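Each chain gets a letter, A, B, C, D, E, F, G and H, in the order it is written, and its residues are counted from 1.
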Amino acid sequence: MTMSTPLVDAPLRRAPGELPAFQPVVVADERCKGCGLCVDACPPGVLVLDERFVNAMGHHVARLVDADACTSCAKCARVCPDAVLTIYARPKEA
Amino acid sequence: MERSTIIAGFGGQGILFAGKVLAEAALLEGREVLWIPSYGPEMRGGTASCTVIISDRIIGSPVVDRADHAVVLNPPSMAKYAPAVAAGGLLVVNTTLIEAEPGRDDIEVLEVPCTSVARGAGDDTLVSVVALGALVGRRRFVEPESVHRAFERLLGAKRPEIIAADTAAFDAGYEAGLEPAIA
Amino acid sequence: MAVLDRPADAGRSHAIASPPGTGGEATLGHVNPGLRTERLLMKGNEAIAEAAIAAGCDAYFGYPITPQAELLEWMARRMPEEGRVFVQAESELAAINMALGAGAAGARVLVSSSSPGISLMAETMSYMAGSRVPCVLINVMRGGPGLGSIGAAQGDYLQATKGHGHGDYHVPVLAPSSIGEAIELVSDAFVLAERYRTPVMILADGILGQAMEPVEPEFPKLPKPAADWTIEGADGREPRVVRSLHIQPADLEAHNNVLQATYRELVAREPRWAGELLDDAEVVVVGYGTAARVARTAVERAREEGIRAGLFRPVTLWPFPVGGLRAAAAGARAVLTVEMSAGQLVEDVRLALEGTVPVYLHGRTGGMVPSPDAVVEAIRRVCVGVPPLRGVEELR
Amino acid sequence: MTAPSIGRLIYERPALLSSKPTSYCPGCGHGIVHRILAEVLGELDLGSRTILVGSVGCSVFAYDYLRLDSVESPHGRAAAVATGVKRYRPDRVVFTYQGDGDLAAIGTAEIVHAAARGERFTTIFVNNGIYGMTGGQMAPTTLPGQKTTSSPWGRDTSVSGYPLPVTEMLSLLPGVAYAARGSVAEPGLIGKTKAAIKRAFEVQLEGNGFSIVEVLSTCPVGWGMTPTAAMERLATEVTAAYPLGTYVDRAKGIAPSMPVPGSLVRSLSEGF
Amino acid sequence: MAVLDRPADAGRSHAIASPPGTGGEATLGHVNPGLRTERLLMKGNEAIAEAAIAAGCDAYFGYPITPQAELLEWMARRMPEEGRVFVQAESELAAINMALGAGAAGARVLVSSSSPGISLMAETMSYMAGSRVPCVLINVMRGGPGLGSIGAAQGDYLQATKGHGHGDYHVPVLAPSSIGEAIELVSDAFVLAERYRTPVMILADGILGQAMEPVEPEFPKLPKPAADWTIEGADGREPRVVRSLHIQPADLEAHNNVLQATYRELVAREPRWAGELLDDAEVVVVGYGTAARVARTAVERAREEGIRAGLFRPVTLWPFPVGGLRAAAAGARAVLTVEMSAGQLVEDVRLALEGTVPVYLHGRTGGMVPSPDAVVEAIRRVCVGVPPLRGVEELR
Amino acid sequence: MTAPSIGRLIYERPALLSSKPTSYCPGCGHGIVHRILAEVLGELDLGSRTILVGSVGCSVFAYDYLRLDSVESPHGRAAAVATGVKRYRPDRVVFTYQGDGDLAAIGTAEIVHAAARGERFTTIFVNNGIYGMTGGQMAPTTLPGQKTTSSPWGRDTSVSGYPLPVTEMLSLLPGVAYAARGSVAEPGLIGKTKAAIKRAFEVQLEGNGFSIVEVLSTCPVGWGMTPTAAMERLATEVTAAYPLGTYVDRAKGIAPSMPVPGSLVRSLSEGF
Amino acid sequence: MERSTIIAGFGGQGILFAGKVLAEAALLEGREVLWIPSYGPEMRGGTASCTVIISDRIIGSPVVDRADHAVVLNPPSMAKYAPAVAAGGLLVVNTTLIEAEPGRDDIEVLEVPCTSVARGAGDDTLVSVVALGALVGRRRFVEPESVHRAFERLLGAKRPEIIAADTAAFDAGYEAGLEPAIA
Amino acid sequence: MTMSTPLVDAPLRRAPGELPAFQPVVVADERCKGCGLCVDACPPGVLVLDERFVNAMGHHVARLVDADACTSCAKCARVCPDAVLTIYARPKEA
């Protein structure tokens, strides 16, 4: 188990403009408490805490930084204490 | 003379500490003090607050229905405590997080962008110390020197660098509080 | 001779919160209210704990509960430092029974909890009263009934003064209204507990427990009187038994007569109260603890308006300062009790006054605290014979 | 909440979780256990006939988060309250949700006797080794040496004794049909813990006795750690002290053997 | 509409011990006091148990204790026979919490114990009051405090009516003074519990529990009203929660206001008492339960001597029949309370009369029961303004 | 009491027994246990520094029979009371004397936690499988099928659960330095039980933890049997259910191993 | 008319049963009855007792300070209850076990060697039934037929031989009670 | 374990007149509750309950019927719940 780096100012690996057509992980921003457990649990390490955003509860929320590298394994969702994440499998055609 | 102050904000904003500093400063001036925190699970994920009453006489009610000052550091605190300020009282607003207006014209409002002032003073986490400085700067119901000594008493000899940071943040807030009097 | 030797029902001004004892078997430390140097800011819970340590508390037993947890935490550090007994029990029930054991063995014992935890101690409090085991129990009251809230409340007044455990017993109940007074009352509580061989309760509330106030760093110290009834091993003497069981009703009644005689002595000698602006008061406001502080501010504000209000603050809730209140209310047009409960103290006020003066209630519940202005409004109304607007209706 | 592009749904917030945000601190294990419960009861389609018996601890507000009929218990008494519910409503699914302070300290008698009587409800025992709600005091389950607000120098076993092996003790009781210890330390274990919880409810439906799943969990705030550091400690130190696994599954023939005494005479300090 | 619909403070003669209800949502069975055939001799404990069964008690939880054990034993046999729930709990604490669970799930629940066991239920009684869970709790009182004796006593009056658990709540308390009346009051207790969503206590004592008296074999039966708050699984509706927790003080106060309104309704509608020879009484003797029976004999003997004594017997101890007592005592020279305690009921008597009539006490404790002749002597004395010779002195 | 002719004294009433006749029924095992205690404490010369912590049960009057300083406990709380005594007076010898209703029902939490904390006192646990004092109701220790006043058709395990193996459960706790189960069924066993009780007090003097001796005993009245028939039942049926022997003597290396769980996965009712 | 009876003796002497029989007999006569036993551990190894009050009206005090009858079957009971009998009342003494004199001359004393009378009637354990018979024989405050029916009601159809034995013992006692009236 | 016969009307095996010089078992009559456990425990079976005697508590007390056969093994004393019995070893000369 590696230690996560919560509150890190990691940029999205892809510029915001060029969002991929498919998003395997949907974050319910308003629920996220920025605990970083999902970040720590993600095997390919494609989740970070978004230092540029604070939700109404005052937390930096989780962000998928590389949708392409996400395997939709749902490990992140299964550790999330606040049931923040929805996971989709990559469509065949995507 | 009795002066009551409510300080409120997120749990992590150092609310209770700022109140303790104020209370200790008053104690050092030989005055009567009462410091009352919010406590228990209500603080988790919610709003922390404390009340500090400073007086030259024995203090009666711990419940403040006519606050002389309120320091609000996040939006929920603004909503909750702006109405509690007595007419003619002072409301210190942390504009870094609060956009709303208090909607009252019978009180004095002091807007302080606490995070940036704190960052300017060297540590952007010391928002409530900045706000405390602004409050004391504007109303000077305790002496700033007492606050400086309070930091020393509360933080102890072990942590001189923290004392320095807090003092700097307080002083920056104090300046920000003085400002309009000069303008 | 006695610490608490003074005319029954002697009062003190509010400014000096608690009458310091006047020597005798157990000398109380003196707190000089004029002295203003080197005071410390202390949290109520911690001050109570430290006061018990200064008073020679040998053993502390407790269980975490808000808003009392800091008291236990303070003891967790300080008692071992002093080489004394600290046990975090598995429950309040266990804690109070550990207290029974240690108390029977001669220890000066402190136990603390808050409302739900206090309820769990009812059976053993009755046992301790019956077995005449001294002990001081702090109740840092919170909102009830049930799990309620953790806000400061005074909903356990009747429990502390009348009910709680089964059987015919009473427990002296002391009610501080400042942290400085709490420090003194802790020491006085040990004196009462040992002199009368009884458990003693201190009724505080969440605000008193959580707040910080300046206190004198010198806390009262107490010598420990010798006891001829404690269990320690029957070495060269007949065995001693500490018990409440007297299976023959006639024996139990005889034992109860001893208890009742003790209670009569307490009633005759130990009622305490504090008063302010009572001499010419047309409205006497009665309250204890935190509510009394609100009442005090309200009395001042009422005076500013020209209403002659005064404050009567019982310091012993049991024995209730009946004589003091009767005298204070003798010339009044109305008596108003201010409570953080739905009307509990008011029963004792009515019992004391027996219809001689109209008695009204302003009570908030559940952790809500009356505001000074609301009390002023209540004073205005009762002064002209109108029941207070806000406040729980009387039940009878 | 629609996905930017359509793909098969792999995981979504279970329907039995209410929309209310929890009062738990960031990274608190209670949230994970709640989620598991919502998943399991949803998968077994039991939500409409399940009754939650709450307890007093940080999870006291669970009734706000799980969409179930609920009753509150006084601190420690959930097992007794659940006994009352289940005896009167044997056709309902009943479970208690209890912390370690609640179950292993003040509630010891109630859990032992519910287990001994073989009450047909399920207990979810969330062991985070501390009193979370009241500010991080020592619990009976606190590890030796662990610092808490009431063990400032670390739990000293010579004064405060040893962690209480609740599941091991209960597993000796014939009334216990199922007992397991899981953990929320990482996704794999969370999955196994979920399976254990599901099995516990199945055992309840089978009606052969009491079922309990102890879930080792974190209290980042009480432990004075970040959520991830807390998970790390849980996976290592805590798990070493509390072995994970199935202690009892009577229907499957799993049960520990009772301790067997040495002869009484062996203890003789002198002959007779 | 209501079973207990009748003028507040309506009294009944002693001969008919308890006012039968008068229809409505829950019809009470009728007991014909004229009918003398086929009566059965039943022990109080057993009659109470059987009365609960007849009244539709769904679940019983208990723990053995003298002098209440036969109640549990009766239930151990009869409840399974009826296909209902019986659990001998591991403690009184567990028993009352089982009751909380079953009550929350909609069961009509009975719990019984005696004094020390009742004390252990204080916390949960407060929870039940706060969560508004109906339940009937029987206290077959014995001598206290502590382990005390197993003799019949009334030392838990103040506990039942004022203290016990923490927080602002009340519990209706019914006091039968015969086995026949106990049977009816059990049924009435369930009505009160369900109508007001509150725990209800029945205060009996060791004599009432252990004695046998003839009873009518037909026990009152009760229909079960529908409830819209019980937990049973959220099937096609929003989940329900039974709880006393309201973490925000303002919410808890609002909840408390609901409770207090309920209590006001109880106070207005449900006080009950029985009286005898009151019309011309110069001495009003007040007592409940077994003590009232002794008092009744004493009143008769006093009348034989020419002293105009009368008996006032509260049947509801809470709400206390204030109006009834005031009316009964209006023309009296003295009021004498007769208790198997050191002076508990006397507080409510004093609160009710507020100094309008001198109030005296004759109390025995620890399992001792006043004798009729001693009460007659007390009547003689108070009639001429002399405090009773025997009996515990008043504490205030 | 002089012998008609002088011979060496083999056995006499121990000095620590008072002269008061006991309130126990004829043939009640409590009397035997009292006698053993008086003998052991006399032999160890501990009478003058021993404190008896009584309990509520038929033995509630033990303070009248044993010439020791004593304190009464509320029903079930003796272990907590003894904790208070011993913590304040660590130099004294402290023991509780508790029945099975007292210790194994209402007092479960207190005994478990005193044991878990390793409190340095001794518990004499007199298990007669019934509530003697209150009229012979079922206890947690009552055997399956046994009729009592509260189990009129015999203890039905499907409703009332199974006898509680107290000593087995406690023997899992590291705080327990000594645990044994004896019996008063016949002179030989009485001797061994005496030796166990003596060892328990020695362990207390060694100061390494909690010590307990469970003594299987009779309640002829509650069992509805003659004293001799009760002894017969004790020696057979009861002893078969409650194995005699030494469960823990840590100083001598005797302690049962902890239950070891099967893997969590084994319990999977489905994969993950 | 109200009549109070105290019956007392060793635990094994059938005290409570005799009282129940008396109470049941009164019930069968349509009268009011109150039966109060001693209970709990006080009975172990000590003296058992019960009080039976029979009346034509509602019964008040369960405490009898002026007993009309006392039946004492062992020495401790004699000591305890002989003084409780009202002047003119009846004391039935079991002379098989009691040698002492009541020391009162304001009451009637009926001496019955209960064991031998019981043995004469066929079962020497039925001492309290014999004593009850003597009491009823002497004072006849319930009808003997009612007592016969009471045996049947209490002992039930299952045990006719026991009913017969009890009836015989009662009748023998009854005769013994009548005797002096004849003499 | 054989069953004892409590309350049996067993006569002393030796007539009262000819009591042996040495009595190995002394019964504190006033304490005996006649439970019969000693009778049951005695290996040679030399104890009985004396049906001809009832003590103040109403019990038939234990009696040694054959002092000569008594081995002074003290088994009786060690089962007695009421500590009624005192046991002496047979003196060498006796």
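The rule is simple: a contact is a pair of C-beta atoms (placed from the backbone, for glycine too) under 8 Å apart; a residue touches a chain by one contact, two chains touch by 3 or more.
Since this is a predicted model, take the numbers as computed values, not measurements.
Q: Counting one step per pair of touching chains, how few steps separate subunit E from subunit H?
A: 2
Q: I want to compare two interfaces, C-D and D-E. Which one has more contacting C-beta pairs?
A: D-E
Q: Once you find the CA centre of subunit A and the CA centre of subunit D, what distance in Å lies between them?
A: That gives a centre separation of 29 Å.
Q: Compute the distance, rounded to whole Å, between the mean C-alpha positions of subunit B and subunit H.
A: Spacing between the chain centres: roughly 89 Å.
Q: Taking each chain's centre as the mean of its CA atoms, how far is subunit B from subunit D in angstrom?
A: Comparing mean C-alpha positions, subunit D is 43 Å from subunit B.
Q: So which bits of subunit C are touching at least two other chains?
A: Residues 66, 90-91, 93, 116, 123, 127, 131, 146-147, 150, 243-245, 247-248 of subunit C each touch two or more of the other chains.
Q: Which positions in subunit G are in touch with at least two other chains?
A: Correct list: 41-42, 45.
Q: For subunit F, give me the residues that contact two or more of the other chains.
A: 21, 24-25, 60, 72, 74, 105-106, 108-109, 112-113, 117, 133, 140, 159-160, 191 - these are the residues of subunit F that touch more than one other chain.
Q: Please output the residues of subunit E touching subunit G within their complex, sorted ascending.
A: 14-15, 36-37, 39, 41, 66-67, 150, 206-207, 210-214, 290, 293-294, 296-298, 300, 369-374
Q: What part of subunit A is in contact with subunit D in the complex they form?
A: Its residues touching subunit D are 1, 3-4, 6, 19, 21-24, 26, 28, 30-31, 33-37, 39-41, 57, 59, 72, 74-75, 77-91, 94.
Q: Would you tell me which residues of subunit B are touching subunit C in their complex?
A: Contacts found on subunit B: 20, 23-24, 27, 30, 32-37, 39-42, 58-63, 65-66.
Q: Hey, which residues of subunit E end up touching subunit F in the complex?
A: Per the stated touch rule, the residues are 63-66, 69-70, 72-73, 76-77, 80, 88, 90-93, 116, 146-147.
Q: Under the touch definition given earlier, write down the residues of subunit C that touch subunit E in their complex.
A: Going through subunit C, the ones touching subunit E are 93, 115-120, 122-123, 126-131, 141, 143-151, 153, 155-156, 158-170, 243-257, 259-260, 263-264, 267, 319-320, 322, 341-344, 347, 350-352, 354-356, 364-368, 392-393, 395-396.
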